[in-house]
Amino acid sequence: MTTNPFILDAECLHKAFGGLMAISDLSFKVREGEIKSVIGPNGAGKTTLFNLITGVHPASSGKIHFQGKPINGLKPHVIARLGISRTFQTVELFSQMTVLENVMVGCHPRSRAGLFSSGFRLPHMRKEEKWIRDQSFEILKLGSLLGRADLPAGSLPLGEQKTLEVLRALATGPKLILLDEPAAGLNEVETQKMADLLYSIRDSGVTILLVEHDMSLVMKVSDEILVINYGEKIAEGPPAQIQNDQKVIEAYLGGEALLCLN
Amino acid sequence: MNHKKLSKISLITAFTLFFCLSLTGPAMAQGPIKIGFVASITGGASWLGQPEKDTALMVQEWINKEGGIKGVPVQIIIEDSKSDASQAVLATKKLIDGDKVVAIIGSSTSGESMAMASICEAAKIPMISMAAALQIVTPADEYKRIAGTIESPRVQRPWIFKTPQTDTSAVEAIYAHMKKKGITKVGIVTVSDGFGSAGRNELKRMAPKYNINLVADEVYGPKDADMTAQLTKIRTSGAQAVINWSIGPTQVIVTKNWKSLAMGMPLYQSHGFGNKKNIELAGGSAEGVIAPLGRLIGWEKLPKIHPQYKVLSRYATEYEKRTKSDVSTFGGHGYDGLYLAIDSIKAVGPDRTKVRDFLENDIKNWPGTGGVFNMSATDHTGLDLSAFEMIQVVKGDWAFAK
Amino acid sequence: MGKNNYLKLLVMAAIIAVVPLIVSGDYHLSILVFMGINCMVVVGLSLLMGYAGQISLGHAAFFGIGAYSTGILTTQFGLSIYAAFLCGILFSSLVAVIIGIPALRLQGHYLAIATLGIGEIIYIIFNEMVGLTGGPSGLSNIPAFHVGGYPFSHSIQYYYLVWGALLVILWFSLNLIHSRVGRALKAMHGSEVAAGAMGINLSAYKIQIFVLSAIYASIAGSIYAHFVSFIAPNNFAFMNSIMFLMMGVVGGLHNIWGAVMGASLMTFLPEYLRVFKEFDILIYGAILLAILLFMPEGFLEGIPMLYRKYFKRGEA
Amino acid sequence: MDLQGQIIQYLATGLTLGSIYAMVGLGFTIIYNATGIINLAQGEFVMFGGLIMVFFTTTLGLPLFLSFFITLALTTGIGMLYERLFIHHPSKTAPLMTLLIITVAVSIFFRGIAMFIWGKEPYSLPHFSSPEPIIIGGAAILPQVFWILGLSLLAVILMNIFFNRTITGKAMSACAVNRVAASLVGIDVSKMVLLSFALSATLGALAGASITPIALMEYDRGPMLALKGFCAAVLGGLGFGTGAVVAGFLLGLIESFTTGFISSAFKEATALIILILVLFIKPSGIFGSAEVGKIKKI
């Protein structure tokens, strides 16, 4: 298994909603330890792709292998426990809970205490709880949200909410993390911080699959880029190659997009 | 943040204090003789509780106008059980504990009375129920023993009495009437509440004694709007008569349905039918309905020398004058209960044990609205078949059935 | 669980110990017993609805299963009270699992009506299984609770039993809320998709918490049966489920302490209103409406909020 | 009575019960669509309908049809007052659960009021036409049954026309789909909510006034009717009016035929089991679409 350099391997994915083909015949691979970006115009099927990988929607056909094991048809929480974590395009924080608690929820797959041992506060549960708390503080430090630990997550500004969502995903201890537009709505400074966070995540050995509209960020951080439109792959390769791909430029019809690509 | 939490804690504390303080009543001073009265004044059985409550108020007025019991005024403390067993329990405890009553009358339904009975047993306080089920006055083991047989109980719960005629007597009165008419195949339809299921039980238990064959056994809910389907089924079962066992609006609805189906068989109602309002509500449909009723219904037609005449005429006229509504047997049950207690206290003083002993041993040929009571250690109801007259609705009024 | 909650539990334990010194008499203690019984059910509802976000309109049925289990097993099968208690818990857990698995896949109002329907079916079963349950006439002569052969003869014993049990339940529940499981529940309430992505097994937790709340209701029901010694299906019908819910909403379902406050207030209020005789239903309705209209988040949140709003405007 | 006669009889009974459930269910749906609230005081509209009608016909002695319309108007007024006093303000901030409980509190309050005005006894009304049953195929059917059926069908048809053919009706349907969007295109959502309570109350009153001659009416009849209507509304697919009506009739028929051919002891259980099976197999109800119930989370 260790010889397999690809952490994720999608083969001939199809997904239809009613009569609408959202993903069609899409195959791609993600190399372990890289940052791979998925780009494409609005409605290209990027978020749908994430939902297929994480099991929110079952694929109509096709296969997804994670670390060599098939994961299609599995429930979202099972896939999460295997080591795939994600963020959401529209922030899906547990807004009533505190920042710290959000990250602590993230630690869920790495802890075990059940209803019984939690209710009676058995020793192993207390030990685990302490571990979760320490771990969560460590992770908050990573995104410099330590000072916000006790605030309700919903009260944070958008930039910090986006960061928190990434941290929460990180807390699950993933091997692959899917980030859905983490920089959307962020200003330049915040985007830079986000980029730094992405690097530090990658450097800790976690593979990143990134959906993002901010092309400068994508071009800067990605090792490889997958371009899709209407659910189909139109290009795949390193940033330099994508920037000059004729099909990609056509897909992004308007000049605005061209500017971004350059 | 901290301030908020503090204020919450103080809120909780204030809340608790408020509870405690309001729960500590003032100590009881020497005063009137107190009799507790629990009735379903509101809730599902409220239309039983209302006449009972009116009766209690009336009796209190009477007795005090007469100078109370040996000069001591009587206070009847009325509590609402809200047609709920837990509330009846609380009300009973309040009466025993807070008001220190000598005896308790109540409650309107069998279920509530059952719940109250064990408290009164434990507290050793005489309780007189206004509900009909034999189960109220019979110990559980004894009740189990006679279940399914046609025997009568041999022992009674020492502290528990009741005033309404037992379901058993009502059933027997009906069956006896049927036997006279040559009816052998009967369909029964009962409401699925305490009253109906107790009646259903007795109807099934007593049928063999009168050679009656129950060919249909249907039920309906206490708030059902139409029983045509049940009656249609009885009609097809080959029954010669139909018996309905319920109280409340359903007995009128059954009457209406029976009429509109033109079933071609007589309709018998339970002893719960005894309110003229039912005839009115049925709007002509009640014509021909037969029911075993106490003599409170149609008392004007009794001979003046009848032992119950005096009681009935006084109660009925006064009640109708006071409440501007027709007298009902339910109010009568309350009247009997109250006067049983009052007469006992008159005889032996406000002592719970002595009152109980008097109720059990010395209530003989005691005329009440429900009949002439003869209590004994094996019978805490004190009424038998003879308490009933078979009454038929004729031209919108009660008449003795042939 | 935080220090604050330990403090509250301690304060509560102290209050429980002291109250019988001030309050005396069977009647007043009985109100407190009913209060504790209701609290138990509502605390379970609070976990289920306020924390896990799953609605139940049929909890009176579990209350009833507990009551009937002990009632039937002790009166008709001569089982010991403790065994009957345990059977009640097992039985209601079993029922909760059986109906929870399909029902908890439903959401929102559909879950509401499913729980309501199941509650009504159980109510009908209580009514119709006359041989076991006694039917609408009810089941009477349920023996008093006893410890080591000494039967409970006075409300004070039940008072300590109920409130002691409630303390344990509160301790357990508060521990739960401030644990991995509690956070998972709250996360689920916040966003099911995100919770799933965090590796939280939604259906498993929904069922676990449903069962737990059913167990609370069942324990409450068992104690109720022994205390009142008589049970009838009426006490476990739809309106009773709504009453439990109402207690929770009045106190604030999103906080366990709110549930306790709500249940206490709503048990106590009708007794307090006895002095108004028949007007009580009107006054009761009016008070209820006032609380709901002015404190939509419940009593516990509402009172401090109103206080801040009307008396401390300057500081805000 | 032969089998055919029995079946006709059960059919008539089922349809009578069903039309009541249908009207209550439709009332639920209208309010649910406009607000997302399950109005558990819906049964009290029926109760008011019956008892107010009793007041005008029996107590004041007004002619039947005059008092019928006064009853509808008054109950509608009660519905509107209810919305303004107890729903309008909290619906902006309070969680749906609290709103649900508010409707329960209102139903308790309404029952209290009715108890004070009318006491606890049941009341009856004269039949709208002859009280003598008509014999059809061996089955005896009261003319009042035709009144109930006719009036409920008329109400359903009028509601359908209103929601599909008139601007106001379409505006209300728009509120049901998306309140925010509706207010953005200039629909006065608050007025629509008020209207929904008004319509719902009218329907309740109609049901109450028409059933009282055969089923009587008393102050605490409401909760039972609300329960049945709620079942009909969900079975038909919450938020789908025609579905609620069909499901209401279906429930009535199930109850009546279960009584006739299985056992009256289980008529309610049968209806409930069918309801639950439908929910488990097709949660959106027999006629509903999957989305409606999900959108409005409690």
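In this document, chain identifiers A, B, C and D correspond to the written order of the chains, with residue numbering beginning at 1 in each.
The rule is short, and it goes like this: contacts are C-beta pairs under 8 Å (C-beta built on N, C-alpha and C of every residue); 3 or more make two chains touch, one makes a residue touch a chain.
This one's a predicted model, so the numbers in the text were calculated from it and none came from an experiment.
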Going by the touch criterion stated earlier, list every chain that contacts chain A and also contacts chain C. none
Comparing B-D against B-C, which pair counts more contacting C-beta pairs? B-C
Rounded to the nearest Å, the gap between Cα centres of chain A and chain B is 72
Based only on mean CA positions, could you tell me how far chain C sits from chain D in angstrom? 31
Between the Cα centroids of chain B and chain D the separation in whole angstrom comes to 35
Residues of chain C whose C-beta touches two or more other chains: 278, 281
If a residue has to touch 2 or more other chains to count, which residues of chain D qualify? 115, 265, 268
Tell me, which residues of chain B touch at least two other chains? 42, 44, 192
Which of the chains touch, listed as pairs? A-C, B-C, B-D, C-D
Please name which positions on chain D make contact with chain C in the complex. 38, 40, 86, 89-90, 93-95, 97-98, 101-102, 104-106, 108-113, 115-116, 223, 227, 230-231, 234, 238, 265-266, 268-269, 272-273, 275-276, 279-280, 283-284, 293-294, 296-298
Contacting residues of chain B [partner chain D, same complex]: 42-44, 46-47, 49-50, 189, 192, 218-221, 223, 225-226, 228-230, 232-233, 235-236, 248-249, 252-253, 256, 260-262, 277, 280-285
Complex interface listing, chain B residues touching chain C: 4-5, 7-9, 11-13, 15-16, 19-25, 41-42, 44, 78-80, 82, 84-87, 89-90, 93-94, 96-98, 110-111, 114-115, 117-118, 122-123, 133, 135, 139-140, 192-194, 196-198, 201
Chain B-touching residues of chain C, taken from the complex the two chains share: 4, 7-8, 11-12, 15, 19, 22-28, 30-32, 34, 75, 127, 130, 135-138, 140-141, 153, 155, 224, 228-232, 234-235, 257, 261, 264-265, 268, 270-272, 274, 277-278, 280-281, 300, 303-304, 307
Write out the stretch or stretches of chain C touching chain D in their complex. 49, 55, 102-103, 105-110, 112-114, 116-118, 120-121, 124-125, 128, 238-239, 242, 245-246, 249-250, 253, 278, 281-282, 284-286, 288-289, 292-293, 296-298
